[in-house]
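Chain naming follows the written order as A, B, C and D, and within any one chain the residues start at number 1.
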Amino acid sequence: MTTTPTDLPRLEVCVGGLRMKNPVTTASGTFGYGQEYDRYFDVSCLGAVTTKSITLQPRPGNKPPRLVETPAGLLNAIGLQNVGLDAYLAEKVPFLRAKQVPIIANIYGKSADEYAELARRLEEAGAADAIEANLSCPNVHDARRARGAVLVSQDCDAVAQYTRVIRSATRLPLFVKLTPNVVDIREPALAAQESGADAVCLINTLLGMAIDPETRRPKLSNVVGGLSGPAIRPIAVKMVWDAAQVLKIPIIGMGGICRAEDAVEFLLAGATAVAVGSMSFRQPDAAVAIIRGISDYLVRHGFSDVCQIVGKVRL
Amino acid sequence: MTTTPTDLPRLEVCVGGLRMKNPVTTASGTFGYGQEYDRYFDVSCLGAVTTKSITLQPRPGNKPPRLVETPAGLLNAIGLQNVGLDAYLAEKVPFLRAKQVPIIANIYGKSADEYAELARRLEEAGAADAIEANLSCPNVHDARRARGAVLVSQDCDAVAQYTRVIRSATRLPLFVKLTPNVVDIREPALAAQESGADAVCLINTLLGMAIDPETRRPKLSNVVGGLSGPAIRPIAVKMVWDAAQVLKIPIIGMGGICRAEDAVEFLLAGATAVAVGSMSFRQPDAAVAIIRGISDYLVRHGFSDVCQIVGKVRL
Amino acid sequence: MTEEVFVCSPSIREQRFLLECAVVSNDPVAPSHYRMRLHGPEIAAAAVCGQFCMLEVSKTLQPFLRRPMCFERIHPPTFDVLYKVEGEGTRLLSQFLPGQRISVQGPLGKGFPICSGVRRHILVAGGIGVAAMPALAEELVRRFAAVPEVVLAARTRDDVINEAFFRELGCHVQCATDDGSWGHRGLATDLLEQLKPEAQDCVYACGPMPMMRAVAALTAASGAMCFVSLEAQMACGDGACLGCVVQAKEEREGERMVRVCLDGPVFDARVIDWEAQDDNDAD
Amino acid sequence: MTEEVFVCSPSIREQRFLLECAVVSNDPVAPSHYRMRLHGPEIAAAAVCGQFCMLEVSKTLQPFLRRPMCFERIHPPTFDVLYKVEGEGTRLLSQFLPGQRISVQGPLGKGFPICSGVRRHILVAGGIGVAAMPALAEELVRRFAAVPEVVLAARTRDDVINEAFFRELGCHVQCATDDGSWGHRGLATDLLEQLKPEAQDCVYACGPMPMMRAVAALTAASGAMCFVSLEAQMACGDGACLGCVVQAKEEREGERMVRVCLDGPVFDARVIDWEAQDDNDAD
């Protein structure tokens, strides 16, 4: 493709079969089902909308308090409160379909079969353009009792098994979302790739905890929560870079992306697309500014296509 | 012990055989060898001074740039630059001994035997009151080539082996410092305990990375660095709490402690003592304010002894 | 009566703005309490009493989240927020100077329902809860020429805010202080009890959790309507993060949790499961 | 000549302060450049030209680290810092108002050696490097009644700072701008070359890395003494973190790395391994 300096750069990316008109989606759980933010900007300008984790049955989530602000970050223990698959299909999908924005449906199940059923039914209903399997939610376990590797994606064999089962249930692009609470992110990432995942999503939140000195009680009712926000960005960039060294499938990078430069950092580290998470809470239209900023960056540095910078950190 | 409300609370703690007049030490690598900070306050008021990691031979460390500021944190890749054991003994110990402040000598070796030799020689020279074995430095490996579990403390068997070897070389209280880049901190912590450690130190920095979008190069010459500062505090508190559930030996807690309330958070989570790290860079006398603030906290809440709050988070 | 309650609730306003507003003034009104007047024509025009906005207290990423503040007064093109310095965010807020700009997201949430046919409107505010009341009082006066009765509770005399304002508006005002330095020595609920709210009356309350629990119990017993304005730790303010929930007494649309930011912050007191509320959340 | 250099260096001053200083003024002096005058009697009394201080630009934890700034002028009880808005920290700095307080740590590092017997003192500043020069010029005038020669390089005419100041001090001033809008069109080193520094002369330089490398090469060739003031990313400012190192040409006391904060920021140009310096660090 030839471009003249005045052409706008090409932002389109293809992530494991999902075409996105730009590399920016939203992080699951930080953007509702899109409608909440359509009051601030037209969400159809996004590369895709990633939904809050969907479960087969509605989930009430954890008791409050569920949020604690931390230095440059946020601890949450929502506990996957969500409307459940049926209500998602009936109430949330029509809006997103009317918007004609690609849907990455994030799913959570108590077993590989539940994930598979969710994927199958979402595909049947035409209610997703890609499936993101959340194998890494830190907030569905009782922290008072948990021990050892409790998240599916802390166990490479489990990642492989879950991925295979979900893979066999759907032809939609399948993304697997991993936890950063591992020794070496390359291992679960490779396990997902080898079992049929079309992309991996890095990173989910890091396990964290906060205690109120005045009451001497944990600040979260669930004791432990997941840490997100700019505080964790260096950790996320490192994991994306690590994984990009060994993966053939693309990566959706996330963790503390606040501005376009942060998104560019992830792209350079090796992410093909990025997700804006907690920053949407602070600035509901952050994703729009980031899309625009990536385009400006490419122009400023003389690139005609966003793919030209993916993984192009200069060592 | 009976106290009247006007008595000052007892701050003394005993950490695996090391008596500290208060529960506050400094984190290795953030306080030089004490002398640097004696210009701001009398370092003999500390519970102990923990030194920069000492190696058998002087080390030049990594090439610059070695530091990047990150949101509410700091990425470093110093690479264990230090004067080496001989210069430590000749130049640094006399000052600390004159100050009569307990010395926690942090050591780093390329093999278990090097650690053992360091511990033996430090004990012989009377140059340490406790040994902190840094089994978790993220900055001595070439990030471009590293793969899998590269830090000793990411491998429980290695933790056990190293601890046993060092243990056999010294009768000084032996502390083992662990990396947070593991699935379950309880495992290496237990391995250390069962192999003769007198305490564990949690946490070293988290692996992280930052890329400059303008130059497209890593911001650190060593590509990858260790993340510290308030950004990581919730992660550190969680790990201390996790480990405290299963350990019989005490914990020295660290990671983002900036103010007295942060220190109290670690004590409540189960640390017997705490270390002030990166915050000393911003506020050289932070540790003093923290000691004072812990005392004020105890008074305000009617405690007569700091040990009364250790591990006393109310679940 | 449940239907009635929901009928008179205003519909969710879908209009939301994200605007840089100019600070008109930002002055202390009591020890560690400030009032900030903001110029924000679109937000002021859209806001109703009881709704709130989210303020970006710093351009740096620390604090990371916006701070929720209810509209104390809504006088287009301006609106006021009254706030107490609690921590870092509100401390930063208190340092804004006239002429500076601050990013405001709002109006958010459901405000106070303005029901016709009410005999007495009784406003009960504890502590900084008084921030929610002036806009409501003005609205009641404007709509019904009603003269609300107002109960203001505070720690001490210096912390009693807006008393003169309510009197000038024609309200019947009673005060309570913990130390008896002004008005009744004791609780807001002591005074509310003396007012003997009945079935035709409507009580609006905002204050610490124990006060609101007591007001809810008292009104439930008397059959008066009662609306409470709740607080919770918030991230998005828009119903997206599901962080700000409080437990409801019954399932509503399959959920036991209601979101303070979207379903509230004003709730019919009968909706809330008061037993499940934690006193430590509010001060 | 190496000995000479170390002999005339001032000894490390062990006096360090950590003080809240009052902002006397904080005014723009050129596009995105400001000068802040601080009232800090102890620091001003202890500081020497070429040393620096670390400013706490925010009371929040973001930015987390202090910002290093050299002393532009030292006039006890006040001192000045001249700074360019580069990012968040300096932007916050530019928002301080007279009367506000800011935490200052200093004086830090080793300043410019003031050597007697020098024939010509030549000061070369590129960009914001000019911040290091006024205190030095004043000191040279005071100590030796010397009239330094000054070369100021900047991008464009508007960015030339302190020219009038140096002239009033009696210095011989030459300017260079990238675009030729003021003085010579070209580099500081063009002008330095014309000045033909010789073995008895002393050149003091502060500016972007390529400029300092060129100055070092030029003076090395001519045999003139040369002192450069370097920058590096800093955390502690006190020699404790080992973060701010630059590579030296030879091992000194067994180490190849020197710390900008403690061994510098002013170095004899011959100490530095110029090949190892990365142009991207300085702008």
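To be clear about the criterion, a contact is a pair of C-beta atoms (placed from the backbone, for glycine too) under 8 Å apart; a residue touches a chain by one contact, two chains touch by 3 or more.
Remember, predicted model here, so these are calculated numbers, not experimental data.
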Given subunit A and subunit B, the chains that contact each of them: C, D
Geometric centre distance via CA averages, subunit D-subunit B, whole Å: 35
Geometric centre distance via CA averages, subunit D-subunit C, whole Å: 54
Length of the line joining the C-alpha centres of subunit B and subunit C, rounded to whole Å: 46
Two or more partner chains touched - positions in subunit B: 68, 70-73, 215, 217, 229-230
Residues of subunit D whose C-beta touches two or more other chains: 61-63
Touch-based graph of the chains, sorted into line, ring, star, complete or other: complete
Residue numbers on subunit B that touch subunit A, as the complex places them: 68, 70-73, 75, 144, 147-149, 154, 181-184, 186-187, 206-211, 213, 215-218, 223-225, 227, 229-235, 237-238, 241, 256, 261, 264-265, 268-269, 297, 309, 312-315
Complex interface listing, subunit D residues touching subunit A: 61-62
Residues of subunit D defined as touching subunit B within the complex: 14-16, 18, 56, 61-66, 103, 105, 232-247, 254-257, 276, 278, 280-281
Subunit C partner contacts - residues on subunit B that touch it in the complex: 71-72
List of subunit D residues in touch with subunit C within their complex: 58, 60-63, 88, 92
